[in-house]
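In structure tokens below, several structures.
Here subunit A shows up in two complexes: once beside subunit B, once beside subunit C.
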Partner chain A sequence: MAVSDQQVATLRAFLEGDKPKYNDLLADLDRKSDGLGYSALVTAAFFEAVDRRFSTQSPRADAVDYVADVRSRSANAAEDVDPRIAERLIREVLGDGSTDDVDGRTSASTKLYLLTALTIDADLDAAELDQFLGKVKKMADHMLSRG
Partner chain B sequence: MPTITDPQVAALRAFLVHDTDDIAALAYQLGENGMMGYVRLAEAALAVAARKRFAPQFTNADLVKYVASVRVSRLTDGDEFDFDPVVGEDVLRYSLGQNVTHPLELEPRLRAIIALLDGLAETELSSEADVDELLTDARRIADQWLTERKPGT
Partner chain C sequence: MSSSWLIDCVRRILPAGAVPDPAAFREALTGQLADLRKPRGIRHQLASLVSAAVGGVAAGHGGPLAIARAAAGWGQEVLAAHGYRADEDHDQNSSADLDAIIAEEDKLPEPRTRQEVAEQEQSGDDPLIRTSDETSHRADGERDAGRQEDADRWPTPEERAHLHETYLDWRQEVSAGREQGMNVVGDKPDRSPDDRSDLPPTGEELVNMESDSMSRFDRLRNHIYKQADDITDVAEKTGNRALELWERPPTETHTEIPSGRPEITNPAPPALDGGQFVLASLTVGMLGYELLRAVKNRVNTWKGDSHGSK
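Up next, the complex of A and B:
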């Protein structure tokens, strides 16, 4: 199994903040056949975005600071993002701890929230977004090939 | 009717001024019976210090960022000095007179109260007179709470 172009297009629309297009593309994904590939793609994108943003010098303090910053950006953000989960997801990418006990739905929604913030902060132009998506597609394909 | 005692005030003063030689001994002398009043006094002190820092106007973002900043400063001493951010934000909101919907368990609540009070003392209390004033106000409020049997305690 490999990540499909449609799955990449869906994540691209999400990262570009094109909500109508994202909703259309997401609705076209088949829950059964696309679920695993799209989930791997989002996980890879989150991993890469965190890896680019954070140093591993002080992962805990950096994660606390960043999550507070994200949760301070809008009235609902503080309620929508559980800081304990968000910090752990970031730290896990940085090699500090695990989130195996976090349920899949919470993990996915928190990753998407953080991924949005990380992408906005990275301020990628079209070419950089292409490069980012190309890299995370390869990472996701690799994850899928290893089962 | 229980009221705040001088030893409870002395123990909190030692904590606020980082009198490390006396903190443990004074807290120990309070015993189990004196601890509840001491916690009430610490909570009242947090309410006074939090208002001093944040009143009259603050946003939710201010509280989120403040709790994070206290946690980050404590992390330099070790992960064991960290506290739950959700509990910390709720404790701060409650101290500022806002409603808190999540139930707060005693142990994480105490950790957050102590950490936030320590952080606020650092920035809001610059002299002995500030400490005295805070303790006087906190004692009055805590006495009032003890008299009214504050809900949830």
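Up next, the complex of A and C:
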């Protein structure tokens, strides 16, 4: 199983902040057949974005500060993002700790918020976004190919 | 083994004045002694040195230098019996050889009294000075001989030209098709050659970085399956709420909102405290008292004027 172009296009619209296009493409995704591929794609994108923004030597305070900053950007973010879970997700990407006890829904929701904020902050142009998505797709395909 | 130790041994084993036949003694020693000296410095067989030392002890000499000085007066036959070769300039060299050899083996000369040292220096017969001078001359001779030997081993100009030509051919063959490398480190003499902080990562470092990143990503494998069933729902609901972050810029900049009135207003005057109130009352009372007294004086003055006019 591999990540489809439609899944990549959906994530691209999300990362560009194109709400109408995102909703259109998202509506075409099948919950059962696209769930695993899109989940792999979002996870890979979150991993890559965190890996670019932070380093494995970053102090914990960096993750704490960043999550606080994201939550302060909107009332919805403050309401939807659990700071402890968000910080743990970032730290897990950096090789510190685990979020195995966090349910999939909460984990996915928090990842989408953090991924949006990280993308806004990275201020990627079209070419950089293509390069980012190309790498993310390879990572997701690699993960799915290993079962 | 030092010569002092050897002399002590000879003294203990052989009675005073007893001396073995040098030739037989030396033959008996040959093959029994392990010579640990460096081959380069050997000028006499060890058995010959021991034989001479035994003879010197038998003659009543107490140390290696005394034995060496005595040996300088031995005849060629005696020296030959001890195994020393008979040189033409024996009389000059034999004692110096013995001095040098024994002193070299001992490293430390036999102790002398201050009076002996002073007397030998005045007479110019100090064996240490003579030994060091002659040893130095001998070492110079050996160095010259070594240089001559090395010079003989150098290739001739023709051979060197041939070797150089062969080297150039080999170098051209090896470097064919390659670009000449540039010594980047050499351009920065003030930095350690091991300092690669401003250079791109090596292939090994890239592989390690990649493997580290992939191993961390592999740890997120369970995320994919855990959220697979809910991801489309979450993407629809939470995704749209998350996209609202685009509507608000990051908090890195501060937007100023103009105001219609000045931000700084005059502060309200502070209320009177008790001390100030008492002070004010006292002041007002005194002023009132003075005012009443002035009015009363004025009235009295008027009354007096009116009574006087009457």
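The rule is simple: the second predicted complex is superposed on the first by the 145 of 147 C-alpha atoms of A that agree within 3 Å, B and C clash if a C-alpha of one lies under 4 Å from a C-alpha of the other, contacts with A are read in each partner's own complex, and residues count from 1 in each chain.
In this section, a residue touches a chain if its C-beta (ideal position, glycine included) is under 8 Å from a C-beta of that chain, and two chains touch if they have at least 3 such contacts.
Remember, it's a predicted structure, so these values are computed and weren't measured experimentally.
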item	value
Fit or clash between subunit C and subunit B when superposed on subunit A	fit
Touching partner for A:117 - first (subunit B), second (subunit C), both, neither	second
First, second, both or neither for A:72, with subunit B first and subunit C second	both
Touching partner for A:60 - first (subunit B), second (subunit C), both, neither	first
Residue contacts on subunit A - larger count, subunit B or subunit C	C
Subunit B versus subunit C as contact partner of A:20, first or second or both or neither	neither
Minimum C-alpha separation between subunit B and subunit C after superposing on chain A, in Å	10
Overlapping contact positions on subunit A, where the subunit C interface meets the subunit B interface	69, 72-73
Interfacial residue positions of subunit A with respect to subunit B in the complex	58, 60-61, 64-65, 67-69, 71-73, 75, 78, 82-84, 87
List of subunit A residues in touch with subunit C within their complex	10, 14, 17, 19, 22-23, 26, 29, 31, 34-36, 38-40, 42-44, 47, 51, 56, 69-70, 72-74, 76-77, 80, 92-95, 98-100, 103-105, 107-109, 112-113, 115-117, 120-121, 139, 142-144, 146
Complex contacts: residues of subunit C adjacent to subunit A	212-214, 216-236, 238-248, 250-251
Subunit B to subunit A touching residues, read off their complex	60-61, 64-65, 67-69, 71-72, 75-76, 79, 82, 84-86, 89
